[in-house]
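One chain, chain A, links the two complexes that follow: it is found with chain B in the first and with chain C in the second.
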Partner chain A sequence: MRVNEYDAVVIGAGVAGLAAASFLAEKKLKVAVVTKGEPTACLSTGAVDVCSQGDEPLAAIQKLPPEHPFRLVDEETIRSALNKFQQTVNAAGLPYIGSVEKNRFILTALGTFKTSCLVPVTMEASPQNASESLHIVTFRGLKDFYPGYIISRRKNAKFSVYDAGVSTTMSLAAHFEEKNFFEKFLLWLEKQNIYQDKIAFPAVLGLESAAEIVKTISILAGRPVFEIPTLPPSMPGRRLFNALKKTLRDNGGDIYWSWPVTGIEAAEATIEAVTTRSDGRPASINGKAFILAAGSFIGGGLTVTRHGIQENIFHLPVHIPGSRETWFDDNYFSMNHGIGRVGIAADAAMRPIGTSWKNIFVCGSILAEAQILKNGCGHGLALATASAAAKSCAEYLAR
Partner chain B sequence: MIKTDVIIIGGGATGCGIARDLALRGIPHCLIEKGDFAAGATGACHGLLHSGGRYVVTDPVAARECYEENLILRKIGQKCVEQTGGLFVRLPGDSRRFREIFLRRCDEAGIPAEVISASKALELVPNLNPRIEEAIKVPDCAIDPFRLCMLNIRTSELNDALILTRHKVTEIIKSHGRCVGVKALDQTTAETREIRANVIINATGAWADTIAALAGCHVSLTPVKGSLVITNHRLTNMVINRLRHPSDGDIIVPNEAVCLAGTTSIPIEDPDKTSTDFQEVETIIGEAAKMIPHFDDTRIIRAFSGVRPLLKSVKTDSHEISRGFQIIDHQNGLFSIVGGKLTTFRLMAEKMVDRVMNVFNLKRPCTTAEIPLDGQEDLSGYPLSRRLEDLKNIVCECELVTRQQVKKIIRQTGTKNVGDIQHRTRLGMGPCQGGFCTFRALGIMNDMNVISPEESMNILRGFLQRRYKGIRQVLWGDQLREEQLVEYIYLGVLAMEKPNARE
Partner chain C sequence: MNYEHCIRCTICVENCPVFRVNPLFPGPKQAGPDAQRFRSDKERIEDDWVLLCSQCKRCEMACPCGVEPAQIILREQQRYGREHPQTKTHLLFANNYYLSALGSLAAPLANLIAATQTGKKLAGKLGISTHISFPRFSFRTLRHERMKQSRTAKKVAFFHGCFINFYRPDIGRKIIRLFAAFNVDVVLPPQWCCGLPALGNGNLALAKHFAQKNAASLSNYIDAGYDIVYSCTSCGLCLLHDYPGILEIPQAKKIAENCYDVYEYLLKLMEEGYAQPKFGELPRRVAYHIPCHLRALKIGYPAAKLMALIPGLEYEILDDACCGLSGSYGFKKENESTAIQLGQRAVSLIRKTEAQDIVADCGSCRMQLGGLSGMATYDPAEILCESLGITAK
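Take a look at the complex of A and B:
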């Protein structure tokens, strides 16, 4: 049995897990990320929502209830975590625009506006109101994008359809990375007589070089071009995941891919390792400290059974705000379902409450009381709490 | 104003069956349904074509009717019946005396019943509880109630009958004390139509008293709620019944790729206000798991309730109320047909139309038991080779529904309702319960320019709320994960709750 030794082992490769690991790796600590597979970040719009409950996210955070996990993190940490994120993804060739001081909108595939904060540069030109006219380019056979939704809400929009020969977001994105395809597409676009203020695309404009592709089209068409996030699988989500993954690897972190944690090894109040049953790879990964960033229900950090809710890695106590009858409100759209408050409660050092383990820290959407949909605080909360958890973890390791 | 001979109110199995019978006997008619076909008890049942075994001990007459109709439907409706066969399984502790009565009564009613050993039963259905004592094999079948209604109504359509779905009867017009017509509100356009006829048939199931009241009449009913759950897998290829007195959660029926299990039996007040509660779901899973243990950890994709329009009875246990049916002549041109079961819908229609023939003084025999259902030739399966060709155009991955199919339904019916597409194609009936494909189906409507932005948002809202009602009692495990993803897509990625920001 091979045994690998790390200072810190992070469970989960989403935005929280990768950001926490990078933070520690930069401090020259030996870090591993252990993941059972692709994170839910790949399903996301890629945009970093910080807090959508107002125009100014930082002020909105201060109005969140005191039990909200954002309130565990001081404003300076939030600000620096988000600034650092922007520097990181810029360096990885995936620039994000916007500022933590102010929210902005992105146009959705339904024609509505989603409030977000830091957005990929490919969504920079997304209209902030209904007045600008749009020309939407879509692709024959694309299942999850219907310009009719947007056009019916904006009287000043038109669309045209390009037959790319493929019809999934993944294959379209791959095609846009090919020179021949892209040149042929540009020739077609030139003939479309586009007179509208802006050109909109479903978010399929490449995977590695989306920023350049958008820029090229924009220069050629002589008007701003932007992407509209699609339903999963989402290319902007995947780009974000790739950029964070690359950053961690560049900083010397290891990623154990397809490594579902099935158990732990512990001595007294200290976790010593996480283990897996899989063959052909090390059966256990030793660490001095552990960061739980395994996500919530979709990510797989928490599981609901008919008899209760469990945290799957360390079996930490789960904060459940009420009986099963209260987990789901009668009104689907209330955004107030009790289930959104379920999670792991943490203290200001991002240690889980109610456990005797000394060396676990927790961050991201698994945190209790987050109500991510209601508060519009997905990736922003992940980045801020990852930074706080990593800081506490580094302090613990330095002792 | 439209004139016809007979008005049928209600588009469930009974109403559609009456329409077909009238069509085959050459009587002009009009069917009015307030929602879509099979929207009431018809669409909210097990989809079990009874062998009669279930009722043979408590109601031998109904049981015999069931078996006779079972034979007829297998013959005339091959494309909506799956001849699965059924087992009545006896678990340790279940009454042996009940078994003896069951076998004797089956013999008396002429229902084939073969006792087989536990090991033979396990060969037939490997998922069965290995601890069963024995099983009795009966000719139960699975039936698709939506398809059944569509095929019945097809005959009427071919005979130019007027079929009005999404029309609500708001008034029964009377003249000199007789019912001479109805006013029906088109729920899509809000226009009212007036239709006149000599005979009006109230086939509205649990709503029979509400409709009868429009004519100043009364129908005594005990509306009884029955709840069911749907699994994500087909856990058995045969219908599984518990060999005991009819009780909660004693039937599991395979249907296409899934199984339905239930039911419960709870008398209720208002058929429009039904919901399934957590305890019912627990009961059904608990009981079903006694017969198929795997039920306990299988993924449940939906729970729903239907309302049986049972005849009023003094018996207190609603499982014991007769499943027989009754035709009430209100002596003013209005008839109500109540009670009965899905399995006996054709017989009910035959008896009803016999009465109508008396009114018209005509002697044309019923032929619905001999002539195969119309339109079955269009249902010739979906071979793998064609599925693979269509792969790019599949908009509902769970149930393999193509873009072309959706477009065809929209063109044919002019529908603005996702439910109509669902009933006709199975779109949205799989594990995601329409989470992905409804956005697509509505997107196609949007691109075809048949709905306005307000309509599209309202339809989406209405759909998501209804969908949620069906799944909130079964949210755990993977179904909860799927639900959270769907919620994230609509409320997060698509921001549908903030449609008016900065507009």
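Take a look at the complex of A and C:
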């Protein structure tokens, strides 16, 4: 009996990796996720952007350049991947609202609007225009959130400060899940003179039970309450990661933490195992198919060296448009840096182009030409391509 | 230690259990790579907050850049221990092995005293927290066991560690019977404390002393053809990670190459086709709490794979919450509040699963979770034995 052999091994535990693994595990395939560390999804706002280049994300996708990885996935797969995501996180206790048919805004910590699509229920009441007045509640000493930025942009906003005795997002979130602290806070909130339309909080309202906390405050205050994403550590990002992890576990998938893939074992054109260095024996995990979802530069899937750009695990050919001079714009804050187009090019079956490996699929932000910042497609692209890669992988395994 | 690889992403901070509840601890990023830039061997270390790190290693597990904040802090803890006078509590817990040996010898008396108000007051005077009851010493340690030897093809040397030997030899006996069911003979090599409690209390010299003695003994057994198995995940992590690392043990590589977690080893036997046990039905729902150090061993969760083979057994894996005890860490008065808050969070997550019992590989996790929740706690070995119809003598 082989216990350590899997149908599919997914490399990377971000949104793409966990989603792809869950899609496969749901089909009763034996799946393992291996990951070097925790994903950049933990640092994200938690919101799922699909395509921010218009009001309707699906229509906006059709206007993306033909080489964009979203164009590899048909509309039905995108729609069902996102619906599926909403169902699963709902079941994991983290409802996401919104619809793939229409984009919506979330208010940022700078007071600007970010175009997103599916957002955690704690951001449901985020204003969709400039007219609603806001009361911002913040916490003494919290360094990752300055209400002054928002107020400088929105004249109809006021703020008050609660002294929680702690001043980091992590410890605030832990405190909000304690009954005594929460009750004391609610007593304080009642005494505040709040006449504005909505109450805004930095996203520190708990880790496991944020939805209930937001609901409780809004019932007590008699007006909608919403969270504004903060600088990392980002609670909404971590909640999303936890929900996806739970979904995979519930479907029977295994996760190997701190397992940086350092080598592969192969026979002819088939990869048989991934290996890692360890304190003692080299460890390996066998699989019939592999999905690469290791992320791009920050995630650790791609590395830039003096000599070029490489994909770290399978040494797949990397799509690099243009010479090094075109990688970076002069403007640091540009959304259009050429390096955003670097990645692994794939075909419609999410197989990497230009490799002879037969049993490898790729998804998520490591895909070439994604330009996630410019197109506003973080997490959405990951979910859609994960679904497509999982589908191809399952078809491959069924053969 | 690669502290210069840190990109300040704060994922380690998100994962630090102590940082969540103790505002005095600046978190793994600041205590580790950030502060490391300003440290010099030529200056005395004055950062007493490095002692607040419980060495759960969650920061290292989470780091996407290969930085090892806990390792950086561990080295500073040793430096602090060397450059500052040791407190009574630190000295006591570093010498946990001798303390436990003594307690076992006088078990009935020691247990009686530990349970009385006077005993608790005495503990308080020594800076020991009594938020959960201290484990009961066992008069008959595992080492008193007379080992039966048959002529099996495989033999393992069992590094049982202090917890099983002095407090829960019954679990040790079950593990030995479990191996017998897999057609493997077990021997108990001469062994001492793995050294982790000494490290955790800033006593590098004592840790090295223990490690050298263990390494010599285990190395002999490896040469004689034995594989080493450990049951305590913290002992295992110390053997595999700290012997070649901070303790600089010459035989460390050999030990690491031949050292297995009990369940990892049982799985390996099944993979090789050496044993094909028939697991009986066990209709039950348990919460499987993953000790931080099992995560840090990078071997996945082997006991979960074995439990998955038991018909009727439902388990939910919980690996997000540290139980807060971290061996002797939570028994120190100054960490009591941290330990209780973390433990309660872990218990609340366990209650959400509506499980009947708690299963965990680590003895101190079981002590903390059982003590705070009042639920029954089991080692995976006990569950496997029950399913295989093995009863302790």
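The rule we apply is simple: the second predicted complex is superposed on the first by the 390 of 399 C-alpha atoms of A that agree within 3 Å, B and C clash if a C-alpha of one lies under 4 Å from a C-alpha of the other, contacts with A are read in each partner's own complex, and residues count from 1 in each chain.
Assume a contact is a pair of C-beta atoms (placed from the backbone, for glycine too) under 8 Å apart; a residue touches a chain by one contact, two chains touch by 3 or more.
Since the structure is predicted, the reported quantities are computational estimates derived from the model, not experimental observations.
Annotation: superposed three-chain arrangement on chain A; chain B versus chain C shows no clash, the two fitting side by side. Figure note: vertex chain A, arms to chain B and chain C, all at CA centres after fitting on chain A; angle 90 degrees, rounded to a multiple of 10. Once chain A of one complex is fitted onto chain A of the other, the partner contacts of A:43 extend to both chain B and chain C. In the superposition on chain A, A:233 makes contact with chain C only, not with chain B. Of the two partner chains placed by the overlay, neither chain B nor chain C lies in contact with A:92.
In the superposition on chain A, A:349 contacts neither chain B nor chain C.
When the shared chain is aligned, chain B comes close enough to touch A:129, but chain C does not.
Look at A:327: by the touch rule set out above, it reaches chain B but stays clear of chain C. In the superposed model, A:397 makes contact with neither chain B nor chain C. In the superposed model, A:258 lies in contact with chain C only, and not with chain B.
Annotation: superposed on chain A, chain B and chain C show a minimal Cα-Cα gap of 6 Å. Across the two superposed structures, the residue set of chain A contacted by chain B and also by chain C is 43, 167, 232, 298, 300. On chain A, the positions that touch chain B within their shared complex are 43-45, 105, 108-115, 128-130, 141, 143-149, 151-153, 167, 229, 231-232, 234, 296-298, 300, 303-306, 324-325, 327-328, 331-333, 335, 339, 373, 378. Taken in their complex, chain C has these residues touching chain A: 7, 9-11, 13-16, 19-21, 23, 27, 60-66, 240-241, 244, 253, 255-259, 267, 270-271, 273, 276, 295-296, 298-301, 304-305, 316-317, 320, 341, 345, 349.
Residues 278, 282, 285, 392-393, 395, 436, 439-440, 442-449, 451-453, 456-457, 461, 464-465, 468, 472, 475-477, 480-481, 484-485, 487-489, 491-499, 501-503 of chain B are the ones that touch chain A when the two sit in their complex. Interface residues of chain A facing chain C in the complex, by the touch rule stated above, are 1-4, 32, 36-40, 42-43, 165-168, 170-171, 173-174, 177, 208, 232-233, 238, 242, 249, 254, 256-260, 276, 278-281, 283, 298-300.
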